[in-house]
Structures are given as structure tokens and as C-alpha cells.
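Two complexes are shown next, each including subunit A; its partner changes from subunit B in the first to subunit C in the second.
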Partner chain A sequence: MSDMTEIQEPKEVGNEMRGEIRRISSHSRARRLAVSRMMIALCAIALLVSAVPLVMLLYQLFKQGLPVIDKAFFTTLPSTPSLIAPNATGGVSNAIVGTLALTIYASVMAIPVGILVGIYLAETESKLASSLRVIAQTMAGAPSILMGLFAFSFVVRDLNVGFSAIAGSFALAVLMLPVIVISTEIAVRNVPNTLREAGLALGAKPHVISLRVVLPASASGIVTGTILAVSRAVGETAPVMLVIAGGFTNSWKPFDPVSALPLSIYENAKSEWPSLRAQVWGIALVLVVFIFVLSLSARIWASRKQQVKN
Partner chain B sequence: MSEILNESIVALELGDEAAGGYNPPAASRTWYHYLLLAGAILFAAVSVGFVGTIFWSSLPTWLHHAGTLLGGKGWASPLGPFGGLAMITGTFETSLIALVLAVIVGLGTSIAIVFLIPRRFRNVIATLVELLAAVPSIVYGLWGLLVLAPWMETTVNPWLNSWPFAKAIFGNPGQEFGTSLLLASIVLGIMILPTFVAISREVIAVVPQDLIEASLSLGATRWQVIRGVVLPTAKIGLFGATFLALARATGETVAVALVAGGVANVQFHLLYPGTSIAAWIATVFGESQGNEIAALMALGVLLMLLNFGLSLVSRWLVRRQRRVLALV
Partner chain C sequence: MTETHSGTAVTASPNRQAIAMQLKDVAVSFNGRTAVRDCTFDVAKNRVTSLIGPSGSGKTTLLRALNRLHDLTSGAKVSGHILLEGTDVYRGDLTVTELRTRVGMVFQRPNPFPTMSIYDNAVSGLRFNGIKKKALLDEAAETSLRAAALWDSVEGRLKVAASNLSGGEQQRLCIARALAMDPEVLLMDEPTSALDPIATLRIEELMTTLKSRVTIIIVTHNMQQAARISDDCAFLLMGEDRAGELIEFDTTEKIFNNPRDPRTLDYTLGRFG
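Here is the complex of A and B:
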């Protein structure tokens, strides 16, 4: 393909070529074009079909979610509807506090370790590093329910902590850790080697280069990856549902049982009360908006830094 | 390669090819080096603990009831026997059907995004796909349970049952709530679609332009280029995307727990309720004790093996694809 060949006159090979093309493609051009247009149209239809669920989902979220959100929704504790007061659902303040507490504790546990491991993977070459890389990639795709099983056996049972916020945030931290490791590694690796070499040439020690040169240069990538990890953890139900026991108070204490937004969605969606099933759309809307804001800000942050670099 | 890394989902799913790095000579190893090493060892310990603890907790089941778990049909809380066959078959049924749906629609979508959408809109589409992937699975489950399930019950199930042929395949559960293995497969298919599209779109987009133009210049139509050049070149990577989507589908928990019906029956008629491994753990874990927890942990071990196997295969395939493209 790369060789420069002499340009041949079309008339010399014209008829033979035509026969050759006939032989390879036994159908007429009109038929091939018709088939092509049909298949391309099918692909376009597939694109539309894949957009349908998103549109339907968002439509339902806003249509049914917005009406149930008011001030009490954010500030009051949930109450169980009864026959006398079938619409007394209360708010979901316990779940909001619980989700924030779980996310903050999990971030405190996962972010420092994740960044350290990411830098380690990017900056060293060893058997440990390459096996940790495979482990991180495999763990990043592990089913989230397994983090719940891990947190239950290790924190709730073996350490005898009981059903608590700390057990839930441990599960979320295990979930976030590989994501932070992988994105930190990529960000640190993307720092050009010339920067490191400039530091070495000036006689800087490895940790000085790493902390003063490489980390600032890769900060945007690390922040983006971390926000994505947090936004993934916020919406997870499976890992926390096994270990946090769904508390009914606004508690920030690590060793108390807490609730979480995804968990209240799960519980309320299965409820017999129509009022609770209506409220669940509001919870879902709050959760989805929160996650969209987080992941869009991560994306915008990343693209802005990209522009600065260019 | 840089285009691949721009996509955060893709980067996270596949990681980067390892490229170099340096080891400081022993003399210059400072506290910083040991700090990094400590972090790495902690991470290794967490990973080993993750696999080890779950396996250790499931040990009683593997020692005494392995056959029941793998081949038994009933799940009798709280004392047993705990048979896992219904969950295993349910996992395979739902995720394979979901995969077929997602691959058919997703492949068409990726082709349309790469070859039909103007270049300047691609970033918008990529953002939309990422947002779809960011919607938590509980929200898909909620939507499936409160919107799709009633629709299945009132419209789809009677319609399928009005055809004798379809009735024989899907079964006629009569009065149910609309939650079924079929609904779980559909919701799962919708959920894994963004993952599949994100990766297959990248794989298709990096097929060298030279090949496409060469084929066009020979008089091939657009579809002939796609079928004859693009798809064969991207084949290995597309298989990788498929396996990764399958791994996602097998591990999906709460959405399936909400829409599959949560019944532990070995069931091949898709309109009947069923469950999957992950969904069953989520459904019954809260009320289980002793041996039942061990049995659920053993189901977790099965899920882990399945998921890790699938994701290792898919990563290997995508890495091979990158090497193939590097040669072109």
C-alpha cells in the first residue's frame, strides 16, 4: 500500500478490470446500492431504538419525580403510611444524610490509597506492579454485590462492627479503589517524560519530581477519575444494602446504621403503598441529577484542562 | 490510542497498555518510594482479602453441599437444602438474551455513530452514552418495575400468548405482575447497551481510514465497506466488547432483583418469574443466617469466577485488537 506504483492508463486494463469487478461482486451496482441503503437505514433505526429507553426513562423521572419534591422531602424523616393517613410518606432526609456520610467516609478511605497505588503503577516497573494492574482492571468490573458480601464477612462479622455506615462505606471504598487506581495511573503516565528528565537533570530526588512536577501536571486527570469513582459509588445499591441496615434517623455517626438514597428507592419501589411508590420517583430524580452533575463536571473539567494543554 | 483514552468509560474498562516506568536504584530509594510501596501492598491485601474472605465464608457449603448448590433445584430458607440451579440458569438466560438484544442494537448504533453522525456531534453523543452508563442500576430497575412491568402485563404478555407458537416458547403464566425473566432480559439489555456502544464505537472508529478509502475507491458501496473491511478489521475488539457487556450483565444485581420476579424456579419459559445469582443474593441475604449465608457466599464465588473469567477474556481480546491495528 505504501509503495509508489506507476499510474497506469485506465484504457489498458479497462475491460479486464470490469470483468474482474463483475467476478468479485456478482450483483449489479443498483442492487448493491439498494442493499447498502437498506442496511445503513437499519443502523440509523438502531441508533433511534437505543435512544428510546433514555428518553422514556428521563421523561418518567421528571414527570413523576418533580411533583413529589418539596421542602419537606429534603428535611423530614420518613414515616410509614397508614390506613388513616395513606399519603403520610414524610421526607427522605435520613437517606440524603446517609448517602452523603457513606460517600464521604468511602472517599476518605479510598482516594489517598488509590492515588498512591496509581502513582506506584505508573512510576515503577515490577512484577508486583504488573499483577496489581491486572487485579485493578478485574476488580473495576467486579459485580458490586460482591463488595457487599466482602464488607459483610470482613467488617460486620469478622471485625464485629455490626451493620453500620462504616461497613457500607468500606464496601463503597473497595468499589471506588480500582477506578481511582486506573485513572490515576493513566493520568500520571500521560505526563511527558521530558518533564521528569528535566527534574532529574536538575538533580531533584524522585519524590520531589513526583510531588512537585508529575502530580501537578496530572492533577486534572486524577480529579476527573476520582469524581467518576465517587459518582459511581453514590448510585450503588447492592454493596450497601447488605451491610447498612437502613437506619431511620439522620445520623452522621460511622457506627450507626444509616440509610441511603438507592436503598430507599429499592425499599419504596416494592412497597404496597401507592404514595411511597410515587415518592420513589422523586428520590430517583434527586439521585440521577446529583450523579449527572458529578459526571458532567468531571467531563467538563477534563476537557477544559485538555484545552489549556493544547 | 489517545482517542481511546479520551473516553473515560473505555479507559476505565480496558485500562492502558503498560508502557515503561522506571525503578529508582536502591541507593536513591527514599521514604516516598516506601510510601508508594505500602499503598500498593495495602491494595494487594484488600484484593486478596476480597477474594479470600468471600471464599472462606463459603467454605462450609463447598465442603458439605457442593452438589446441591450446583445442581439442586429448591431453595428452602432457613434450613436448606440450598440448590443454586435456578439462579445459575436464570443468570445465563437473562444475560445471554440481554446480550443478543444489546449487540444487535448496539452494533447498528455504533456504525451509525461512526459513519452517519457528523464529526462535530460525536462528542455530544459520547457524552450522552456516558450519561446513560452513569444512570444507577436501581433507577433502571425502578423504571422496569413501575413502568415496563405493568405494560408487559397488560400488553406484551397477552400479545405473545395470542400466538400459539410464541405461547409454546414463552409460556403462559396467567395472572402475574408482569415481572418475568423476559422483562429482566430486556432491562438488562438496555443497561449494558451503553457499555457495549462505548467500546464498540471506539473499536470501529480506529479502523484505519486508508483501508476504508481503498475499498471505496474500488467501487464498494458503504455497506460493502462496512461488512467487508470495517467489521472484519474490528472483529476481535468487537468480541472483546461483547464479553465485557456479558460480564456486566451477569453481575447486575438490583435491577434484576426488582424486575425478574424473585422466584427460585428453574424456568425456561421466559414469561415466568425467575431470578439470577446476584439478584438472589440481594433478595434473601437480609433474612438469612448460618448455612444460608454460606450458601449465598458460595453463589457469590460462582459469580466472581464467571465475571473474572469473562473480563479477563475480553481484555485479552481488546489488547489483541490493538496489536493487530498497530501492525496495519
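Here is the complex of A and C:
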């Protein structure tokens, strides 16, 4: 019998404690519930505050942009209004062609180099790698006008190329490069080491593993980062305004002066003609839709890659 | 040869079979700190040799020294001699890539290449080593998948992503991937620790059938597994300086029934570890 009581005693203590815990927890439940509801309300307000400017911006963009967009907007070259024809603004085909050309040339220059450097940074540990990383991080934070100044003094003046698409795309490539390098490094570092070891254990040389195991496994991250870098460059005015000379032709040639959508916005906004100023919204709308399509494709690509993995 | 530490590493060649690998006073250290030492034993051909011992006794570290997987770890140093068919794998004229094609490995967690199909995984090692001929790859894929007892369940879906397979199937795919290189030795680092009991059983059955074509060295935490499947057994234990060392090497039967060292008996009876 004495054994029995000895066993029961701690059990009663346990029950007492459990009761105490329940009492306290039910007591505080109402308070915790109130705090939780308050936090949810605060989150909702924060969401609203951040969404309102965005919605207003898009509303303005569509409201003022859509009316000035027609077929001629895409297909004709700009013209200068006169007192006789104050609304003869022409289209912005030169800026659309220019932006596409700049984007393509800049991508061709920056993407291969950026991806290779990113892989190098992720896969090796050396003084060169860590200095390159510091440079990339500094460049990523540098003001974009610097890239324009650099392209002007180096490509336009020193190399004597002149104002051209190639100079503008060089500036954009320099702008994109650090973003691609950093996002590639992160994507490659995220590839589990067990996969590299699996490759090594099969007798593969390190560069074979990088190309055939690590690169495919990190492709979705690399592509996402790259497209984000491209869409950032597409919208930049500062780096190109100093070097492309705002050409008035639909030229795809790398050594011709070209225009660009952001530059047209800047130029038109300064104009004394109300019709040209109104056109700004249409150009902005085209630019936003272009960037939206780019980043949407990045997201779709990333989620599709994810599905393949699962 | 340096002299072994006194009072440790009671070793013997428990059989008269041909020898696949020889370990002579092997030690591995990281940045000057010894992780495992005093490993001297012979791995007999076409047998399963298990490495057992509690956590921290250096089983996996020792196993990874056998195919030079420590090479890329900075600060790692392997001393002593590891011989593959009489050639020193660290000092001989065997290149590290050639060594790894002759000594395959299966890891603790199934690690098929996630972006490759079942077929591509099976022949990945061959492709990494420059083999492109389709007929050769097809044949290697079928032979190795059959050897890994996976062919019947994947024959119709070779182009499907390897990540669609179950954990046990993925591990058998990893075994097939290693077998496709036609290695002489297969290192297995706790190959069933991430698998359920049924998948584990299938891998164990597989090992028993595989030993006719490949010598197997397996690290396992599971003493029943070591007793069930291995022919020879090395028992490692962490010493006072936290470095693992070989306590005893013998046939599995002797290690489990009649070991020479009392610590071996304590461990196999489950008194510690």
C-alpha cells in the first residue's frame, strides 16, 4: 500500500500543475486573441497603405497612356509639332527599336560573362574571387549615371566609337553585370553539396560537374536573376542618355545613334508642346508593360522549374 | 611503414580470399586534428565489409578517404597507405578520376541528379567521362538498372525525372548509377539510414546479390544490418583524444560472437553507443 501512495503522489502534483497551466492559459487567451486581431488589422492597414500609391500610379498610367496609343504610335517616327499642326507628334518607333536593340546587345555582353563569373565566385575560394565579389557588390550599389559616364569616356571617346547603340548597351551591360553575378552566385551556392559529391564520386572533373550538374540545378535561379537584371536595365535613362544621342531612325545597327523609351520620356517631358508631353504617358505605359512581361516570364519560368523538381 | 600505436588495432586477415583494397596505418586529419587513425586491414574481394562503431568513431571519414573524397576539403590530410589492387591510391600513378571510376560510392541520402531523367542519371557517370555512343549508354543503363533491381519498375518511364521516384527507388538508382561505371569496389555510406524498413530490406537483398560482381564496403549505424549482410567487420571507437581508431577487424561472425576486445563485445551487445 505504501508503494501505491508513493506512486500516486507525484501524479497528483502533476494534475495540480496541469490545472494551473490550464487556468493561466485560459486567463490569457482573451488577451492573446485581442493582440492577434490587432496585429492582423495593422497588417491590413500596412498592405492598404503600400497598395494605394501603386494602384493610383497604374490608374494614371492607363487613363492618360491608353488615349495616346494607336497604330501610328508604334509604327511611325517622331515628328515635331508646329503651330499649324500642334498635335503632329508622330510615333515612337525609333525608341521601341532602340530599346529592343539596346536590351539585346547589353544582354549578349553581360549575361554570359555574368553567369561565368557568378559560377566562379560560388565554386572557388581565392583572393581573386573575394575581390571580384567585393567589386560586384560595390558596382551593384553604384548610381547608374556612373555607368553612363564610364561608357561615354571609354567607348564614345577613348575607343572613338561615337554616340551609338553599342555605347548605350555597354553602359547597360555594366549595370546588369553585378546583378547577374550576385544572383548566379547565390543560385549556384544553393545547389546541395551532395550533388557535387555524387558527380565527383563518378569520376567527373570539377568543370564537368559545374557545367552538367550544378548549372542545370541552379538554372531557375540564374534565369530569374538575369531577367530581373534585364528588366531593370530596360527602364534606365541615366546610363544611356549620355551616349546614344537619341537617334531619330529605326536603326538596329550597333554603331548608329539610337533612342530609347526612357530617354523619350525624359525628352518629351521637357517639351513645350502639350501634345508631346501627353505622349509621355503612352511611352511609360509601353515600358511598364514590357517590363511586366519580362518579370512575369521570369516568375513563370521559375515556378515551372520548381514543378519539374517536385 | 610507421609503427602502429601500442595496444590498438588488433588486426588479422580473416580469410584466404583475394584482396581488393588494403589499408595500412591509415589516418585522416582535418587542420591537424586527427579524426581517425590506426586503420590497418584488408578488404577481401567479392565480400561485404562493414564499418561499425558509435557516432564520431570516424567510419564515414575513413570511407571517404578510400575514394579520395577528402581531396577538395581544405585542411584535410590522409596519411598511411591505401592500396587498390596493389596501387597506392594517393601516391601511385592512378589519377583521382580513374580511382573514382574504379571505386564507386553510394551516399547516406539518395542524391540522384534532380534535373536529369532516370535514364540520364543511370548513365551520368559514363557521360561525365566522355562516353557518347548511344548503343553503349543504352546497354549500360539497362544492365545497371537490372543489377540494382530497378529495371522492371522503371522500364516504361526512363525519360521521367528521377525525382519522381520514391526514396528507396532513388537510392537504387544511385546504386545503378555507380554500377554503370563497372567499379571494382562500391563504398556505401549508411545507404539505408534515410529509408523505411521495406526499402531497407530491398537494398540489403541487393547487396547480397551484388557482391558476386563488386566488393562492397559499407558504413552502418545499424548493428543488425552489419550482422545480416556483412562478411567481414571493422569496429571503430572514439579514443580519449576524440579521434576514432580501429579496435578490431575480423569476420563478422567473430566480431559478433567471439570478439577479442571486450569493448567490441560491449558495443555489439548494445551496452553503449
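Note that in this section the second predicted complex is superposed on the first by the 252 of 310 C-alpha atoms of A that agree within 3 Å, B and C clash if a C-alpha of one lies under 4 Å from a C-alpha of the other, contacts with A are read in each partner's own complex, and residues count from 1 in each chain.
Basically, contacts are C-beta pairs under 8 Å (C-beta built on N, C-alpha and C of every residue); 3 or more make two chains touch, one makes a residue touch a chain.
Here the structure is a predicted model, which is why all the values come from computation and not from measurement.
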item	value
Subunit C versus subunit B on the shared subunit A, clash or fit after superposition	fit
Partner chain(s) touched by A:Leu77 [first = subunit B, second = subunit C, both, neither]	neither
Which superposed partner A:Gly203 touches (first subunit B, second subunit C, both, neither)	second
Which of subunit B and subunit C A:Cys43 touches, first, second, both or neither	first
First, second, both or neither for A:Ile104, with subunit B first and subunit C second	neither
First (subunit B), second (subunit C), both or neither touched by A:Ala217	second
Contacts of A:Thr194 with subunit B and subunit C, given as first, second, both or neither	second
Of subunit C and subunit B, partner touching more subunit A residues	B
Which of subunit B and subunit C A:Ser144 touches, first, second, both or neither	first
Subunit B versus subunit C - smallest C-alpha distance in the overlay, whole Å	6
On subunit A, the residue positions that both subunit B and subunit C contact, one per complex	125, 205
In the complex, subunit A residues that touch subunit B	1, 21, 25, 29, 32-33, 35-37, 39-40, 42-47, 49-50, 53-54, 56-57, 60-61, 112-114, 116-117, 119-126, 128-130, 132-150, 152-154, 158, 174, 177, 179, 181-183, 185-186, 189-190, 205-207, 210-211, 224-225, 228, 231-232, 234-238, 241-242, 262, 265-266, 269-270, 277, 280-281, 284, 287-288, 291-292, 295-296, 298-299, 302
Subunit C partner contacts - residues on subunit A that touch it in the complex	125, 192, 194-195, 197-205, 208-209, 212-213, 216-217, 219, 308-310
Residue ranges of subunit C in contact with subunit A within the complex	67, 69, 72, 74, 97-101, 104-105, 107, 109, 111-116, 124-125, 127-129, 161, 163, 174, 177-178, 181
Subunit B residues within the subunit A interface of the complex	5, 8, 11-16, 18-24, 28, 30-33, 35-40, 42-44, 46-47, 49-50, 53-54, 56-57, 104-109, 111-113, 115-116, 127-128, 130-132, 134-143, 145-147, 190, 193, 197, 210, 214, 218-224, 226-227, 244, 247-248, 250-254, 257-258, 278, 281-282, 285-286, 296-297, 300, 303-304, 307-308, 311-312, 315
